[in-house]
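Quick heads-up: structures coming right below.
One chain, chain A, links the two complexes that follow: it is found with chain B in the first and with chain C in the second.
What follows is the complex of A and B.
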């Protein structure tokens, strides 16, 4: 369970995240949606102690993210930010193996190698394992980073726009993979996501942010409604029921 | 960075013959072993490279004005020339072996310092002599020369180190304030900062009539190395080993602050460690040898192109290449206008600049 209390971030006079309070229950996929600049990524960064908050607290399973030793937290929660330009040349396998660092501090055991191999297999990176990450396509690179986070094997996985750079096929595969992680292994996956239909089809819960505030929080059925989406995005979005999923139609 | 060398030719190192020459900086192949077949291949290649460097070290030991070679030693031995033999071994012990050792130590440590610096700044185009570290160390030396001219070498080194830490920290601070982290902007900021510090240092050196002394720090030269005057340099071996032990941390730091934090590593502590290592290595080398520019730039880039950037794997390679590179340059420096010497810093700068240009032009393909 991740508990946010009065979480606030300001840059000068601009408040990017405004007194956000809420509880993210353990297990399942939680999507954070909202317009550009709504504060989604900032919220995620603060929850993962990448960014200091100006006010408020974040507790992950009773652990205060600010005061808990960073390496202890790294075995409990992982985060992947959206822009991952790697300025060091690493092979895919080496990159993924660094996900084990919080567990082994660089001394790899057979179990660690097992984790790394499994993560590579999960993301179909076996054949790319010895390639340099900077020589991969955007989508392959994205998968390599996700594999690293999976190898980190934490209860909570925070991903900032994991579908960036992925084509439809890989985007769907990624979401299916995340759902498997969440449901089969009891992980809690928190995503910042732009495509409301992916959020609708795969999430257990959706948090909607607007102007730094958490304005809606509920199941896809509760969020995927024209009046709610209008409030969040400021445009009219028709919502249709297709194959049991609520799909927002916003292209025209 | 490096003022055009106005080199009064220094007489080459006297000296002579072989004993098992020390190659203290060349790590053994097994140190780099990583699991798997590619790891073993890597270890074998590293062992081969180390052997080449060892050979270079032997050659380096027997280059000099006085005729001390394995053959001359053998000749003295079989002809019963005991006096000549002892004189030769004395030259080896006092001059030749210390020189070879210091070449290997400085080459190894400077290359590794460059690597660490590049990871800390996340930019391949920086090294201690292009971001103000070396200039700051010289400034510290100047200050101590003005105010405490009789201070022991250790104290001078301490001053140089403190200034080097401050100068490098200033560079990192400035970088933090630069909004655009452009690949070319980062080294430019460093070069500008280094030049500002160097200008101030030159001004005060001029006022205090210490320009020549300053020059000797800015242009690396092994000709002054003799027993009793270089031992401080062994310190860099320890620093290099620390760098190797912390290799994973530097790799991770090279991936950025957020990445580092996610893996539960204290980014600021890694940066502080890197800063300390780089500044201390620079200070020790400047105090004992003088600045050797480009080395920390060329060697890590070369290794990166060949085997990537996993520091755990690259540090031994960077160390071996660094030692080999300086050994070759130092041999050239001693041979090119025999019996006079050209400062090794000059040779390294010329060769390094050429190598670096080539790498830049080839790298454009990627």
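What follows is the complex of A and C.
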């Protein structure tokens, strides 16, 4: 369970995250949606100790993210930001193996290798395993970084726009993989996502942010309604029921 | 738009150019093999330097040569380690600790000393006190500037370069003003300090330097398992459980001490670190500190000691090695800038 209490971030006089409180129950996929600049990524960064908060607290299973030793937290929670560039030359397998660092501090065991192989397989990176990360396409690189997070094998996985750079096929596969992680392995996956229809089809819960505040929090059925979406995005979005999923139509 | 899809002109359909690094890497040797080869070469350089053309008076020549070799090894070690670690925590391959206005500060300290207390005053000060003053000032300066620049979360490399240039220009400006006001005879004394020199290093200072560098190395040893993760960038390192602020602070202290010791000991060496670090990266196919660090240090020893042998024995030059290294390093820096290695 991730507990946010009065979480606030200001840059000068501008408040980007404004007293957000809420509870993310363990298990399942939780999507954070909202317009650009709504504070989604900032919220995620603060929850994962990448960014200091101005006010408020974050507890992950009773652990205060600010005071818990970083390596202890790294076995409980992982985060992947949007832009991932490497200034050094590494193969895909090297990169994924770094996911085991919180567990083995750089000394790899047979179990670690198993985790790495499995993560590579999950993201269909077997054939790319010995390629250099800087030679991959954007989508392949994105998958390599996600494989690293999967090798880290934490209860909580925070992903900032994991579908960035992915084509339709890989986007769908990514969401299916995340669902499998959440439902088969009991992980809690929190993701910032722009495509409300992916959020609708795959999430167990959706959190909607607007102007730094958490304005809606509920199941896809509760959030995927024209009046709620209008409140969040400020545009009219038709919502249709297709094959049991609520699909927002906003292209025209 | 018409409904039919017209074929795009060929210039549009060509695949985007892949950003490939020119394959500098001689893939034939593994990093461990490189370390072996380089260690042999480094040992050979040292042996050559100590033994070639010894002449008659062993008791006079040999201790002086040992002193010089120790100085060069210490400088190679300090520059190699500090440059690689500095580039790891800053996530770039082009900034080195000394490019950040360090040599200009050294020049300013030298000029200031001669200007305010005179060359006779500098001599009276004694080499140990002078060394202490220089070291303290340089460590304090680098500590302040690194800390300010690199502990924030989103400092841009361009800002850092710009700050380095501004500081460097300012220090140089003040130095040249003071130099203009100097007596010509005093200026001649000062001129000696403007290029790195490995020849006239005091044994006592060398001993102090070895102790300081040794202490810094203990810190490096304690942190060695975290460097590779640190190279993945701040956010990833934190997510993987590195106490980023603490480790970066420790590495910055280490860099300040190593660079301060080197510069106070032999004078300004701006581009040397850039050469050895980037050669080491090129020799290692995959980035691992346990390979890159020793390779950078060994390359440094070969360049300094081997270079000195070649210059002294083949070209019959003396003490101009630093100029050659700075020239080659400056060229490499330009090539890297032009090739877009700077991100």
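One rule holds in what follows: the second predicted complex is superposed on the first by the 252 of 252 C-alpha atoms of A that agree within 3 Å, B and C clash if a C-alpha of one lies under 4 Å from a C-alpha of the other, contacts with A are read in each partner's own complex, and residues count from 1 in each chain.
Note that contacts are C-beta pairs under 8 Å (C-beta built on N, C-alpha and C of every residue); 3 or more make two chains touch, one makes a residue touch a chain.
Note that the structure is predicted; figures quoted are calculated from it, not measured.
After the alignment on chain A, I want to confirm one thing: do chain B and chain C clash, or do they fit together?
clash
Classify the contacts of A:113 with the two partner chains as first (chain B alone), second (chain C alone), both, or neither.
In the superposition, A:113 touches chain B alone.
Taking the superposition as given, does A:215 touch the first partner, chain B, the second, chain C, both, or neither?
A:215 contacts neither chain B nor chain C.
Applying the touch criterion given at the start, work out whether A:89 contacts chain B, chain C, both or neither, answering first, second, both or neither.
both
A:101 contacts which: chain B (first), chain C (second), both, neither?
Touch partners of A:101: chain B and chain C.
If we overlay the two complexes on their shared chain A, which of chain B and chain C does A:80 touch? Say first, second, both or neither.
Both partners.
First (chain B), second (chain C), both or neither: which does A:130 touch?
It touches chain B, and chain C stays clear.
Give me the intersection of chain A's contacts with chain B and its contacts with chain C, in residue numbers.
After superposing on chain A, chain A residues 48-50, 69-75, 78-81, 86-91, 94, 98-99, 101-102, 105-106, 152 contact both chain B and chain C.
Which stretch or stretches of chain A touch chain B in the complex?
Listed in rising order, the residues of chain A that touch chain B are 45, 48-50, 69-75, 78-81, 86-91, 94, 98-99, 101-102, 105-106, 108, 113, 130, 132, 152.
In their complex, what parts of chain B are in touch with chain A?
Chain B reaches chain A through residues 35, 38, 119, 122-124, 247-248, 251-252, 254-258, 261-266, 304, 308-310, 312.
Could you pull out which chain A residues touch chain C in their complex?
Residues of chain A touching chain C: 48-51, 69-75, 78-81, 84-91, 94-95, 98-99, 101-102, 105-106, 134-135, 148-149, 152.
Provide the residue numbers of chain C that touch chain A in the complex, in ascending order.
Residues in contact with chain A: 18-21, 87-88, 91-93, 153, 225, 228-229, 231-236, 238-244, 281, 284-287, 343.
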